[in-house]
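Structures follow.
Next, two complexes with chain A in common: one pairs it with chain B, the other with chain C.
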Partner chain A sequence: MRTSHGAGGSARRAFPGPGGRRLVGLTAAALVAVSAAACSSSPSTAGPGAASGGSASGAAGGSGCAANATPLTFWGWSAGYDLVVKEFNKTHPDVCVKLQNAGATTAEYVKLNDALKAGDGAPDVAQLEYFEVPSFEITHNLVDLSQYGVASSRADIAPAAWSQVSQGSALYAMPVDLGPLALYYNSKQFSAAGLTVPTTWDQFATAADKLHAADANAAITNFDPESTQDVLALMQQYGAFPFTYSGGTSVGINFTGAAQTAFANYWQGLIDKKEVTTASDFSPAQWANLDSGANAARLSPAWGPVGMQLSIKKTIGDWRAAPMPQAQAGQNLAGNWGGSTLAVVKGSKHAKQAAEFAQWFGGSADAWKILSGPVAGAFPGYVPLLNSPDFQNTTLPISSDAKSNAVFADAAQHLTQTQWPPIMTAALTQWTSTFAGVTKGTETLPQAFQTFQKQLSDYAKAQGFTVTAS
Partner chain B sequence: MKRSTRTPLKQRPDDGAVPVRLYGLRRGTTTFLTLVCAAFAVFILAPLVWLLINATKTQAGVYAGPGFWFSKPFRLFQNLADLGKDISGAGVYLHWMQNTLVYAVAGAIGATALSALAGYGFSRFRFRGANSLFYLVMATLLVPITALALPLFLVYAKVGLVNSIWGMILPSMVSPVGIYLMRTFIDASVPQDMIAAARIDGAGELRIFFRIALPLCLPGLVTVLLLSVVAIWNNYFLPLIIFSRNDLYPLTVGLSSLSQAAETGTQAQLVPVLIAGGLVTVVPLIVLFLFLERYFRGGALRGSLTG
Partner chain C sequence: MSEQSGFPAAVRPSAGPGPAVSTGPAAAKGPAVSKGQAPPHHTGRRPRRGRSRSRQWPGAVFVAPHLVILTLFMIVPTGYAVYDSLFTSKLVGGTRFSGLANYRTVLSSHEFWDGVWRVLLFAVVQVPLTIAIAFFFAAVFDAGVVRFGRFFRTVFFIPFAVPGVVAAVMWSFLLLPGFGPYSKALKSLGFGHVDFFSSKLILPTIVLIVIWEWTGYNMTILYASLKSIPRDVTEAAVIDGAPLRTIIMRMKLPMVRPTIVMLVFINMVGALQLFTEPSILSAFQPQAVSYGFTPTLYVYNTAVGSGEYNLGAAAAVVLALIIGLVSLGAFAVRRRNGEFR
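And now, the complex of A and B:
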């Protein structure tokens, strides 16, 4: 293995030539420069963390365990997980969990796959997003947690979260947090434009017309066609979730059914009329639009406002949450974007303790006290907390004294049940390139749905699945 | 020496430099070329200026105001201080900085030593298969590293190099470009006759290498050393595959995990800290490059040794 390509380009500059008098001095000077840079940029006196095995930053978990405690390795990336692990180690002296950050989402999944293939280096417990659980389950890499009594937590977990990680009586991961969607709108802009909060998607489209007619620069919200999870959450809420899967080798993929086509036409219509923007989720443009009035509302997951209030300035205090508009009046359906689970990885020597840890992590008041706290800020899938008045009455500066959590908590109880297919890794990779044309305006959303239907079905068949279009 | 007394021009430190007007270029041409260079300079420097300005802002400030001007409040020192804390759960920036320094210094010294040995061997010894071996070394440049990712990981797992600093340092010590550079350099700067003379005088091969060849190719050694430091400093792919513990990450992988954390929405102001981290990351390389550039002028263009 070579160091990198970087050296190749500069190599052309190094003409061969003989040495000179000043060269020894220059060598020394260069070395001094390297070490001077070293000193100036790392004033810490701890010494090379790598050489010592990084004991200093290993504060994530290992410290303070009893010598005979059962060691568990836990891969996770979310903020605040280190605090939760610390609390577990304190209250469970017979187990010692070590948290390692192996990268967020896909980066971790790739590493986990590699480690499983190598048969070495996989953790005991891994953080997986809901949609990724079946992908690891189908290769028999997850431990069925029901054999360790984790199913006793069922009553404490939002049903929509539970259904995503279980098949029959088998339970492949412990749900932790959720991201139910709500209509998060700028109340000042809504009242200035004379808009009432829409309760159906038809009303939402009418409100979009009215807003755009009054101000050509204003769009009611943002729709990022390239953000797979965002679009899938909206489809779920619309009653148009494209996947069905209940274990085994048969998957349902349906992007071209009646509901899906209606969904695609609905949003394409708003895009065509420039009544929604198509900025990338979390891009500077999206935040600027929300703060300048170019977007009057955000279809926000429950974990969204926390990051949003750090990214906007002028409209802090103006934002309110309302239930999502419905496909049919009188319905109350919600969608979910994001959230994670803890799975016990097959091959773990201490699966029982690992299951105990996972259950405690997602299903105990002690863990949730920290998870929902100021550092982690996770939105609970844990029902006792969802229902607690303390939680529902919590306010954020971005919404002034309005109680957004109550709206999000209600949405969490009204999520439609979804089943993720075990091919989400490929789906996520393919999605971005297929849907890029919708952002650019070179294709429409219904066209992209058709293309994607074919691409994903072909992929699933090549992987040996039977594909049904429902 | 004789000429220098006649033409005062030659006494300037940058002897050999000829004023542009003497090349007979028209004024319009030089103006045009200068403008092109200036455009490139802006293109290259603008991102650095952006880093510098935005490292002083809050997260809302980064998104709201104009990118190339400051906004209140001034948060530079807070952002820099946050580099020493684990604010995202992704790890501590300063640890990544230390790791990068360890990898870069150890890897670059190793790469230089090995390149010098191999380059000297290829350049000054005739042995069976020398050419084929050299072509083999060069051929490794053609294999895209991404194609090797999984096999590499499986081999690493077998020999216990996953999550080991040696998994990062050992491969960094092998540099085909370095071997090529050292071979070319020694070809040109260590005269065969001088080696032959040393042999006649009874010097051993090791003595010849250390006492004669190495001092003559010092500029080459420094070049390989500095190029290796830069290459290891910027290496992203290898540490990404082999490390699953954030306390082993170098800056490249660490910053990317911080960036992922910033995207997925947390309570901490990660974006300005990420920008401050990017700024601090490039500073050592800029300092290093200033030396690299000066060295190239001083060493490479100096006249040839009469041997």
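And now, the complex of A and C:
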């Protein structure tokens, strides 16, 4: 297998849909892209971005650059990043950023790790998802951006995004986009079934009972136990985020505490009553369920509706966003699924310019004009845009004239602050096998949590960490 | 790739002193083969002592490209894996010599052994099935009882020309539960909802995909082997009034037995290294294929997925030893059958 998509494939978009915010579905798409790349010499473009990819080759960046410009290599995979890079090169003639697609999510992290181990071939700037930042931080492979004044962007970035990339005064990556969750429901089906929009998880369960009692084929939503990031986002929103970490060699892993057990029992209860389905996220089954009334709602990240409206037909225009139900009435807690950052990699010969590029990429109106556009479709962690009426008034056909962005933007401001542990690569790899039994019905979610608690703790200990489980 | 490109270069130097090599045996062999009095491997005579030295160095030239590749991509990496497997590298605390600790972890890992038993079960089902189907079609084509034999031989070979990754992606869509055409067809035929990726059916599904991919390859080798059987042997049987079935099963099958033994061995090793198909399927159906579904997936997921490169290296070495044992077994069988004299 010669999959040389690192070198020449800068313009290739590895997967359909916006941004690198989901792992499981993406691996499949990435593999398809890789396989296509390996067997044909023609560049393969896929997804909504491809249609407008008039400047697909602009990613090489070499073109509009002055001869004496400082060269920077940038590894990224999300749709539309090539357009943002092009804009940067145009407006910053002294720097020449060259975008390379080293694969999406895990594929890129593996390559980056290997390049860092080899001491050669690592880029100046790399796209990292939030959860992956500490994994590179603990091996001292990221440049502290605060020394280049990037911390001046702090006021412009949603606090929950900022807290995930900083330790004290140190800043290890520049946040770009986010994926706050909202209850995205089929308004026609809700009113036909006589449901009011639930504001607490108790009300949500009652609504699920009522819906399922009226129609045995209807489930209120889908819960994919194998989708690590989805489950973790819901746990965060429930006030049951299982990880604590504040740098150093001690890591908190807690899947068996009171809040976590309550969360697991809650969803297992709905699964047992068949009031939620357990289809794989982004699978054809999930889309079919959403379109046929088998699912009346989706607990959707902010970047979800864009992809969803390409995957459903009959119910376009019926979907509305509401704030997530709360564990306790009166709370306003949000969860986040996905989003990326830009980190400057240790060893970069032009760390200053790289930091300047990263700050501009995630924290400038110029960059966000393109990032939030139709090709990239990223949801901003950039507060001036989050708060702007233009952005909040944007509508999508799937929601007719309803302004979903306002709901998602509010959620972005109410994210509980989380700290990812530096062992997320392993957690993501090991999660699926452990939780597959919940989908199959051979184990319960609380049991899977127990197993995973031990599994991940053992791994962390084997890696030399002190594990606290409170 | 590089073996092929290296070939012409290796041939050229032998052109000078080479006549003895290139014409000698070939001239002796040629008529024997074309008259078809005996299978080719009986004609090769051992070189006499006096000439052996002059014959040795061109042989070395021919073997060299392969040895270079073998050294660079097999022996050196294997040595590196063995070396690597004796260390443990932690996120906190760095890299340290740890002796056989990684081997103890692998040998006591249920995931790893589950995977080994799974591929052995897979091999026991897939290998005989593939070779039986391949032999059936090879014999049919060899007997010349179907029209357009050449065309169908090509058609049968096409799946092998499709890269494993592409084949796995294609089958993933074809067999998609609820939405794939096969799933729909079975439903309309009254079989209900068949989930090819459920924990019960996932292994048979992979058997199906692998048989589809490899039957044509096996068939082609068996066909070539059948074609090398001298025609007068079968003609004699036909004159004696033996039915086609007897000719194929009683005469041809025993004569291609060395080929079948070789194919069993090649397919067994391939089955033990099963990776592409389940890893692609796991992207489509994450619940179907676990972390250590096959030993190679275990190696990949520990090394790349969890960053435990040393543990992955140890697992790879253990797997290599298991495959080495299977190879030794196959070698012993072939030796008993009179090969490698």
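The rule we apply is simple: the second predicted complex is superposed on the first by the 410 of 470 C-alpha atoms of A that agree within 3 Å, B and C clash if a C-alpha of one lies under 4 Å from a C-alpha of the other, contacts with A are read in each partner's own complex, and residues count from 1 in each chain.
The working rule: a residue touches a chain if its C-beta (ideal position, glycine included) is under 8 Å from a C-beta of that chain, and two chains touch if they have at least 3 such contacts.
The structure displayed is predicted, hence computed values, not measured ones.
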Touching partner for A:395 - first (chain B), second (chain C), both, neither: neither
First (chain B), second (chain C), both or neither touched by A:249: second
Touched partner set for A:387, first chain B, second chain C, both or neither: neither
Chain B versus chain C as contact partner of A:312, first or second or both or neither: first
Which superposed partner A:217 touches (first chain B, second chain C, both, neither): neither
Which superposed partner A:115 touches (first chain B, second chain C, both, neither): first
First, second, both or neither for A:152, with chain B first and chain C second: neither
Comparison of chain B and chain C by chain A residues contacted: B
Which of chain B and chain C A:91 touches, first, second, both or neither: neither
Chain B versus chain C as contact partner of A:429, first or second or both or neither: second
Set of chain A residues, in rising order, touched by both chain B and chain C: 1, 24, 27, 30, 34, 38, 284, 288
Residue ranges of chain C in contact with chain A within the complex: 90-93, 163, 165-166, 169, 172, 176-179, 198-199, 280, 282-288, 290-292, 301, 304-308
Contact footprint of chain B on chain A as seen in their complex: 1-4, 6-8, 10-11, 13-20, 22-24, 26-27, 29-30, 33-34, 36-38, 40-42, 44, 46-51, 53-54, 56-60, 75-82, 100-105, 107, 111, 114-115, 117-121, 282, 284, 287-288, 291, 303-304, 306-308, 310-314, 338, 374-377
Chain C-facing residues of chain A, complex: 1, 24, 27-28, 30-32, 34-35, 38-39, 106, 110, 113, 138-139, 226, 249, 280, 284-285, 288, 422-423, 425-426, 428-430, 432-433, 436, 439-440, 459, 462-465
Residue ranges of chain B touching chain A (in the complex, touch as defined): 58-64, 84, 86, 88-92, 94-95, 97-99, 101-105, 107, 111, 140-141, 145, 148, 150, 152-154, 157-158, 162-163, 165, 171-172, 174-178, 180-181, 184-185, 187-189, 215-223, 225-232, 234-235, 238, 240-241, 244-248, 253, 257, 260-261, 263-269, 271, 280, 283-284, 287-288, 290-292, 294-296, 298-302, 304-305
